[in-house]
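These notes open a run of structures that come right after.
In the two complexes that follow, chain A is the common piece, with chain B as its partner first and chain C second.
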Partner chain A sequence: MSQTLNLNIIKKLILKDWYLNQKIIAMYVAGAILALSFISLGEAQFYMASVLLICVLIGLGNHQIAITIINERKEQTLPFIMSLPISPLDYAIAKLIANMTLFLIPWSLIVLSLLAILITTELPDGLIPYSVIFCTFFLVNYFITWAVGMAIEAEGVVIFVMVFLNCLTSPFMYVLGKTPAVMDNIQGKEALWNSTSINILTIEIVVALLVILIALFLQTRKKTFL
Partner chain B sequence: MQNAIEFKQVCKSYPDFFLDNLNLQLPQGQIMGLVGANGAGKSTALRLLMGLIQADSGVVEVLGHKLPNNQVLAKQNIGYASEDIRLYKSATLGWHMDFIKSIYSGWDDAYAKDLAKKFDIKIGNKMKGFSHGQRVKACLLLILARRPQLVILDEPTTGLDPVARHEVLAELAEILRDENRSVLFSSHNTQDVEQISDTISFLHKGKLLDSQDKETYLDRWRRILCTGNIDSITLAIEGITDIKKSGSFCEVTTNQFNDTLVAKLSQQGLSISSVERMSLEQIFLANVFSKAKTGVAS
Partner chain C sequence: MNSTAESRLYYFDNLRAFAMIAGVFFHAALAYSPMSHGIWFTSDAEQSVVVDWISWFTHLFRMPLFFVIAGFFVAYLVINRGMGNMLWNRCKRIVFPFIIFWPLCMWAIVAGMVWAATHVEQKSPLLQMIAYAMANPGTPPPPPTTMHLWFLYNLMFFCLFTWILGYINFNWIKQKISQLHPIVLLILFPLLLTPALTQVAAPIPAPESFFPQLWSFGFFGLFFAAGYFIYQQENFLDKFKNYSLFLLIGSIGIYVFYFSLLPEAFSFIPAADSFAKKLLLGSLEAIIACWMTLFCVVTGKKCLNFRNRFLRFLSDSSYWIYIVHLPIIFAVQYKLMDSDFSLITKYSLSVTITLAIAIVSYLILVRWTPIGWLLNGRKK
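Our next item is the complex of A and B:
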């Protein structure tokens, strides 16, 4: 199979996904702005805003995977795209960049805004490592769901993976809450990045990259695009 | 003359279907109608040409490019529409036109607008408001306006009203004013195939039974009405695909008609009442029933 990437069409496909998802992204970003607007106003507001942020991160990832990958197959727009002068690898790269930017840009904005709030308000800076690890957990979940979506494209399987990964949110919070190296400084005035926090974050990033590589590899071996 | 399409001993198997050593060529500048019952392998053949599925063995070449390796080059000059294809519901036809225009340099804006007018579809409307017929016409607009060298259509007229069918077929015929452009289309509607094809290819249960220019193909088939007794010698005459008897009245169907066949039947004591040409629909049915009786694998 020819591995030369058709960059011009990849760009068009990315813009196409951005166009088709712009309203959804705007909706979730608005939700995140709302949550961040009152997160520092008190303890009750902090918990309410945190829950809203979690919902936004989960919804943002799952919703756009459903639109860009699952619906593309379910609503039979995939043959339309594959009938264009592209290779399976072009398609996978375009999807990777489109989806990652569709998620990573709002995700980064949310995380950076959260960090800015933690740094500039009375909320303890010690929350920063916990918050980053926790937000990265949703990033990893998104990458895994994306990889499964690209590799399997079956709505049922992807929904199962989404539900399963979301069910891991509470256990992850519990385990993180029982990890002294992460929790001991949570009320501290300064963020403390110890080896445990860095290791957890590194593992999250490695898992995310690994699942993407596996999905791309499987995509190049795919023989059916219907 | 270069072939627009070439299948060489192509096999593709599914749990309940096997495309069996398909050998088929479409010379450039021709319209080929692919005929066959449901499950004959028409859509499989067309999907192979678009790289939407890959052959288990054999060679698929489109416009001189081998698939799937050179599918990008091949697809630059192919327009493909099928029942499998849907456009984005939340986007307008105009958005789709701009999208395709940004990919294909050969896009003809004036022709696209002319087609939209002719097909009576609104460029500013979202696809979710389109009826089935309008969706089909929108797909055709998107492929025809880029003026591809090869047009591949899977059941292009299915579900269209007679007016829409006429419009679509007229546009397909228009394509061939340019002698370098070719069309391969599959259809259940034998009238469409008979109307616009230069070549007819007949698939049945994954096997190519026939592929020939339309005139020769239609000319080979005749229904011979006669009276008399059919014996085993008559049954053994080469080219007879079916015999229906009703008392002394017989209806003999042949796919190798010539004057000697009529003479042979007369020699067997049969009195020939008439020799009738057959429509493609009648040939299609005769072929399917004949294969059902004999078993296509034999």
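Our next item is the complex of A and C:
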């Protein structure tokens, strides 16, 4: 299979998605700044602000998928895009770059801020592996939702996946909390990256990449948008 | 006020230069302040309460004035070039300089501090602590701060807020504010500032942490918003023309009372004041900050609204001077700490040498180079 990507249109589609998402990004940035403004004030504030940051991550991910993928179909933007000289793969790549930048940049900033807080404050550095694994869990959830959205493009299914993955948050926390190799050093002064922590993180990253590849593969098999 | 993009408002340019260069005078003065003796690197054996009287007064409105001006120019950019261009422009002028100069300033200040801890004979209390920490390895270093570049760091957030709040229609608030009587505004604005100031010890500290500070948003952020508003309201400042003298005399009168409430010496862990005292100090600071900032802007419009080559040069160089001044001041004052000069001589020398080095380095390294393009844009 050899396809030439229409880079010009891909660029325009990316810019369109960025433009359409400006407002919600602004809203979530405000939430993240608010959380960061009191996260360093103490242990209780750290946990409250962490919850707010998690809400920002979940909200940002789900909201932009709803705008860029679901609404595109509902509001008849997709028929317009179908009239452009692009293939389903062009479309998928445009969506991939637009969505990933919209999510990965804020996600990276939030993770880096969390790490900076853990390293520079009295809070135990032992929380670092737990925090990174936990934040990566939301990254994986986002990638799965995106992949399902791209592959199926059905509002009901995507909403179901969003709800289902969010329901997994508590079980994931529970399982992580019952994993001695991750939890034993959580109050420690130094971050301890043992083989269990590294394995969990690796599995998360592999799953994330795998679902993206599957979604792109399914797109390459599509001859038309319908 | 927003009718012609070309009409450069010289008094805001000139005021910005004065506000930034006033920072050099303020930071140089702290070495001779009895109040900050325990918390400043270059605290000298010679001190004078006069230094405290003057420097803490200017401290209350120097940075608020700067943020009003910053808000004014951000409004200019948004209205004339659009939100996206404003963000990109501020990225070039604020974010990149911060990323480039923060590590350099940090290195220069730490290097000077380490040198002073081992070479200065008459060490300040803070230098003594550092010398002790150096002699006893294992003491955890304090978390890094944004230092004197905190204003750049805070400005980044204010520009982000400009974008975020740009989606909300504030026209009805603007209309209401513009209809208010000046006296009402002179009471209302300090009231809005007071809650933020009750969260921190007096005098207003620098929000230099890398973690965003809510109180800073509620204090400096409101001055920034005021500047943004002033740009959009033509003739708004003229309302206060007849109140200039009242603003100045009133502020000085309130400052006398405020100063009497300040502790004799500041410490890194401020005394736990009662809420009533915090409220009183916060409201007095808010009134002085608001009234004196307004006085400066109104007086600046009256007296500094002209083009002058010297002021233009000062305005162009002020950003660079502000960025580099603190490591230079420290270096000069470390050398002066063991000298027998009088306080006046030491102070004059530290200010003069700092300004001389900063201006010469501006001429050689900045004005016609990519650093100058970064800080002030390309010269036409």
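Everything below uses one rule, namely that the second predicted complex is superposed on the first by the 221 of 226 C-alpha atoms of A that agree within 3 Å, B and C clash if a C-alpha of one lies under 4 Å from a C-alpha of the other, contacts with A are read in each partner's own complex, and residues count from 1 in each chain.
By definition in this document, a residue touches a chain if its C-beta (ideal position, glycine included) is under 8 Å from a C-beta of that chain, and two chains touch if they have at least 3 such contacts.
Keep in mind it's a predicted model, so treat the numbers as computed, not measured.
Asker: Between chain B and chain C, positioned on chain A by superposition, is the outcome a clash or a fit?
Answerer: Superposition result for chain B and chain C: fit.
Asker: Between the centres of chain B and chain C, viewed from chain A's Cα centre, what angle do you get? Round it to the nearest 10 degrees, please.
Answerer: 110
Asker: Could you tell me if A:Ile86 is touching chain B, chain C, both of them or neither one (first, second, both, neither)?
Answerer: So A:Ile86 only meets chain B here.
Asker: Once the structures are superposed on A, label A:Thr77 by its partner contacts, choosing first (chain B), second (chain C), both or neither.
Answerer: first
Asker: Between chain B and chain C, which one contacts more residues of chain A in the superposed model?
Answerer: Of chain B and chain C, the partner in contact with more residues of chain A is B.
Asker: So, does A:Thr220 touch the first partner chain B, the second partner chain C, both, or neither?
Answerer: neither
Asker: Taking the superposition as given, does A:Ala116 touch the first partner, chain B, the second, chain C, both, or neither?
Answerer: The second partner, chain C, only.
Asker: Which partner does A:Leu20 reach: the first (chain B), the second (chain C), both, or neither?
Answerer: The answer is first: A:Leu20 touches chain B but not chain C.
Asker: Touch test for A:Phe38: chain B only (first), chain C only (second), both, or neither?
Answerer: A:Phe38 contacts chain C only, not chain B.
Asker: Touching A:Asn6 in the superposition: chain B (first), chain C (second), both, neither?
Answerer: first
Asker: After superposition on the shared chain, which partner residues are touched by A:Ser108: those of chain B (first), chain C (second), both, or neither?
Answerer: neither
Asker: Smallest separation in Å between any Cα of chain B and any Cα of chain C in the superposed model?
Answerer: The answer is 12 Å, the least C-alpha separation in the overlay.
Asker: Which residues would you name on chain A as touching chain B in one complex and chain C in the other?
Answerer: The overlap between the chain B and chain C interfaces on chain A is empty, containing no residue.
Asker: Which residues, counting only chain A, touch chain C once they are in their complex?
Answerer: Residue positions touching the partner: 23, 26-27, 29-30, 33, 36-40, 116-117, 120-121.
Asker: Quick one: which bits of chain A touch chain B in the complex? Just the residue numbers, please.
Answerer: Touch list, chain A to chain B: 1-2, 6, 8-9, 12, 16, 19-20, 75-77, 79-80, 82-87, 90, 223-226.
Asker: In their shared complex, at which residues does chain B touch chain A?
Answerer: Touch residues, chain B against chain A: 47, 50-54, 68-73, 75-76, 78, 80, 82, 84-91, 95, 99, 102-103.
Asker: Please output the residues of chain C touching chain A within their complex, sorted ascending.
Answerer: Touching chain A from chain C are residues 143-144, 157, 160-161, 163-164, 166-167, 209-214, 217.
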